[in-house]
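Encoded as structure tokens, the structure appears first; notes follow it.
We just call them A, B, C and D in the order they show up, numbering each chain from 1.
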Amino acid sequence: MRDERSLFINIVALLILSVIGFYIYKVSMDTGKGIKITDNITPQMRVADRFMNKNVIKEESKYVWGGTAENTSANIVTSVVVDYRLFDTTLEVIVLFVTILGFGFVIPKDKRKIIKPTTILNRWAPILMILMLMIGGYMFVNGHLSPGGGFPAGAIISTAVLIGVLAGRKTLSQKTLKIIEAVAGISIFSLGIASFVITGNFFQNFILNDRIGDLFSAGLIPIFYGLIAFKVAAELSNIYFEFYEEC
Amino acid sequence: MVNRVYYLGLIIAFIMAFGSLWALLTDDLFKAIVVFGIVSLSSSVMFLLMQAPDVAITEAAIGSGITTALFIFTYKKLEDRKDER
Amino acid sequence: MAQLFILSSISLLFIGLFGVLTRKNIVKILIALNIMETGINLLLVAFGYVENGIVPILTSNESIMNLTKMVDPVPQALVLTSIVIGLGTTAFSLALAIRYRYNHNSLSIRASEEEEGVNI
Amino acid sequence: MNSIVFLIVIPLIAAFLSLFLGKNDKILAYIVTLFNIIFSILILFSGKIPFNVAIGGWRAPYGINYAVTDLTIFFLVLVNVAALLALTSVREIMEYQFYSFYFVLLSSTNGIVLTGDLFNFFLFIELSTFAVAGLISYKRDRLSTGAALKYLILSSTASIFSLAAIGLIYKTLGTLNFADIANKVNNLNEASLSLILILYISSLLVELKIFPFNMWVVKAYEASKTSVNLFIHGMLGTAGIYGVLRILLMVFSKETGKLTLSGNLSSILMLFAFVTVIIGEIGALTEKNMKKILAFSSMAQLGIVLFGISLGSFDALKGVLYIVISNYLAKFVMFLTVNEFSKVSGSTNYLDMKGLGRRYPVLAISFTISALSLMGIPFFAGFWGKISIIGNAVFSGKLELIGAVLILIASVIEGVYYLRISHTFFSQGHEREGRISRVYCLLPMILALVILFIGINPDSFENIISILLDEIKSPEKYIKLILSLK
């Protein structure tokens, strides 16, 4: 009885999938006129062209390495994430905030006891933590020059807290984490409002006239990435504390 | 040179496809979680082949590392509950 | 190369969808959902891929000359967002799953119907 | 008018502040909601509509933009007023998480209505999904956990589809801006367009409670508090209707000035709407639990709305707007009434509410008025909607004719179960101890009077609707507004 039912569900699912697959195949083979899904379109035919040439405001502007532009982040993905589409990123931070809030709200409060750690873990934990903090810090400070950025940096910093938890060392309390989270979140939006007061536009990068490729370039981007990193780290560390009892 | 990269991509694509099928069809929950972690990690290599190092780092840290850790914590918590009964 | 990327990501998408539709264990469903999310992220980045493209990061003056060879940065930016959303979904639904297990003493998605005595 | 972004930023800051305020959260919630209402009404009367705001100073197709037009401001006021009305039904002290979720829901529904960017729209929908899932699971008991889990899994599956659609749009048209897409959509292949649309709409259909995505509705309504039901109905549902209107009719419409969904898609949507109406009406007929009945009924009403949209004519659209407003008001009256009655009778089964209508005639009469409006009895608000949808559908084609007959049958079924409930309210019952304060009777009465006013005097509302229809008729104005901005 049970097996027959699961077999039936499997067959129905395969049918649905094959219908969708057939539909996608048909669409990709369709020879109507107009742009097709299978057409080969390069970034130069999309909005990305302006992002890469950094000429959204002035059409004919050009830039060189070490010069200034409307956006001075050397990593173009970062410039899209934290400047051209900054509002998306702030909303993403809110998504993480809401889900972690819901996580802490819903999860049952019987926490695991930490088994007494071995000497090796206990000894090496501070060194590992400092290493993790350094890598995370490097990542968000250099987010506008090299791959990386606030989100992985936050994740790496939070692993430092995780190691602390597993090694049974007292690092942070949940109350502190909550305060870090709220302060970082509020300051992201206050920076947005500050830019409204200064320039008249929300979430504008109002520190200008620096050079592409410098460590201190890209205006507000490193600041935003730093705030995001601390917020993400605080939120993810909160998850570990929900699972494990603090020592 | 291009060929070698292509074969690497092919191998990773097979690993991902078989890994995800295995993760879904196996009965052992813990095995499924670990295999899912492998799938996620190999997808980050795939991102690297697609010239997207930013995404690769984020996927490796968040998609592969922390998501898998969350699954394992959940598994442990559910195991604890089983012991009580 | 682009074809390989698109095909592999679509296969992941379909395998994940199959899992979401057929699995009964909630944690399994969440794993399937995550596989789907990985697939969609790969698909989005694959849409921005250019044959023999280079990384969209400026390292010197020559890379500014090579802007036309760069892969599309916008899908990568979107995927950065969608990865974090995936983490959020997973975290929230795992917490709900734990609570569900405590309430129903079962991880089956149809647990409430089974308890009510509906004959399946 | 760059300050329009405050409508979204202020609730988000309040969401962070609510972590620390404890019992004062309720006051903060009222302050923020009132701020949103007053701000949106100020914009309505500022005389600067329509205008466009580029966030961060990046102009329209490149950055994210917020466009405020007549349609936007209409739904903006509806959403914010719904938030205030629903907030009045929060009586007991809630934990701070409730208010955090509420603030995020408020800001995300405002954002859904305001935004002019595809990916931003998707993010706001995700945000509202998480907030609603948190609100549904607020009770943390058996029912609510399961309901929230199912809702979360369903909507995240649907959101993955819409993410695929966003990717396809970006691959083919190379842009994410609504106006730019509407500008370029004529170049797109017919088959590709329908694939993209069907993938993208899936996440909206979850919000609209349409057939393949509606198994979450009944359990979620049953498991959650009345205020949460009102949040889902008034804020999320209204914003979802706005999304469908904007995306189906203005962004992805192939011919300007004419409503043409591509042929297959409109019949698919119609079939979905039929099944939704059938499920809703039959489900409501067999249920005894008032909350479940209202959930099924709102499902059926939204099915009618989708049917009207997929008809593809402007007269039907007029009817759709009437049904939207009538359903919006009527469900508020019904949920508030049921909330009060169930507190007195101690259960949500309507058979236990016998005789309450005699003691509290104001509430029961308001309930009956809104039921009559939902059924489409002449000279109630819903009548003008149903008459123009049916009148349009009868002469359009075979499938449309079936739809018209189905709506008529549905009205009869609605009549059966709603009048059964009203009859139960007014029949002889035994005495009870609980009392309902007069203050709580006031709000349903006012809303019922509004329904009556619109029904008797539809010309007053007709003016607003004709302004909205003018905007939908000419998407090129929207395109011009956004793309010409420096």
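Here, contacts are C-beta pairs under 8 Å (C-beta built on N, C-alpha and C of every residue); 3 or more make two chains touch, one makes a residue touch a chain.
Owing to the predicted nature of the structure, the values given are computational and were not obtained by experimental measurement.
> Look at the interfaces A-B and B-C and say which one is made up of more C-beta pairs in contact.
B-C is joined by more C-beta pairs in contact.
> Quick check: how many Å separate the C-alpha centres of chain A and chain B?
One centre to the other, that is 19 Å.
> Provide the C-alpha centroid distance between chain B and chain C, rounded to the nearest whole angstrom.
About 11 Å, centre to centre.
> Quick one: chain A and chain C, Cα centre-to-centre, how many Å?
About 15 Å separates the centre of chain A from that of chain C.
> Could you please state the distance in Å, as a whole number, between where the Cα atoms of chain A are centred and where those of chain D are centred?
So the centre of chain A lies 31 Å away from the centre of chain D.
> Give me the residues of chain D that touch two or more other chains.
119, 123, 126, 130, 133-134, 137, 140, 145, 148, 168, 170-171, 176
> Where in chain A do residues touch two or more other chains at once?
24, 46-48, 51, 75, 77, 85, 88, 92, 95, 98-99, 102, 106, 147, 149, 151, 239
> Where in chain B do residues touch two or more of the other chains?
52-54, 58, 62, 66, 70, 77
> Determine which chains touch and list them pairwise.
Listed in label order, the chain pairs in contact are A-B, A-C, A-D, B-C, C-D.
> Give every residue of chain A touching chain C within the complex, in rising order.
Result: residues 5-6, 9-10, 12-14, 16-17, 20-21, 24, 42-44, 46-48, 51-53, 63-66, 74-77, 79-81, 85, 88-89, 92, 95-96, 98-100, 102-104, 106-108, 145-147, 149, 151, 212-213, 232, 239 of chain A touch chain C.
> Where on chain A is chain D touching in the complex?
23-24, 26-27, 30, 32-37, 39, 41, 45-48, 50-51, 56-57, 83-88, 91-92, 94-95, 97-99, 101-102, 105-106, 178, 181-182, 185-186, 189, 192-193, 196, 199-205
> Going by the contact rule at the top, pick out the chain B residues touching chain A in the complex.
Touch residues, chain B against chain A: 52-54, 56-58, 60-62, 65-66, 69-70, 73, 76-77, 80.
> Considering only the defined contacts, which chain D positions touch chain C in the complex?
Touching chain C: residues 119, 123, 126, 130, 133-134, 137, 140-143, 145-146, 148-150, 152-153, 156-157, 160, 163-164, 166-168, 170-171, 176 of chain D.
> Could you list, by residue number, the parts of chain C that touch chain B in their complex?
Within the complex, chain C contacts chain B at residues 1, 4-5, 7-8, 11-12, 15-16, 18-19, 23, 25, 27-28, 30-32, 34-35, 37-38, 41-42, 45-46, 49, 52-57, 71, 76, 79-80, 83-84, 86-87, 90-91, 94, 97-98, 101-102, 107.
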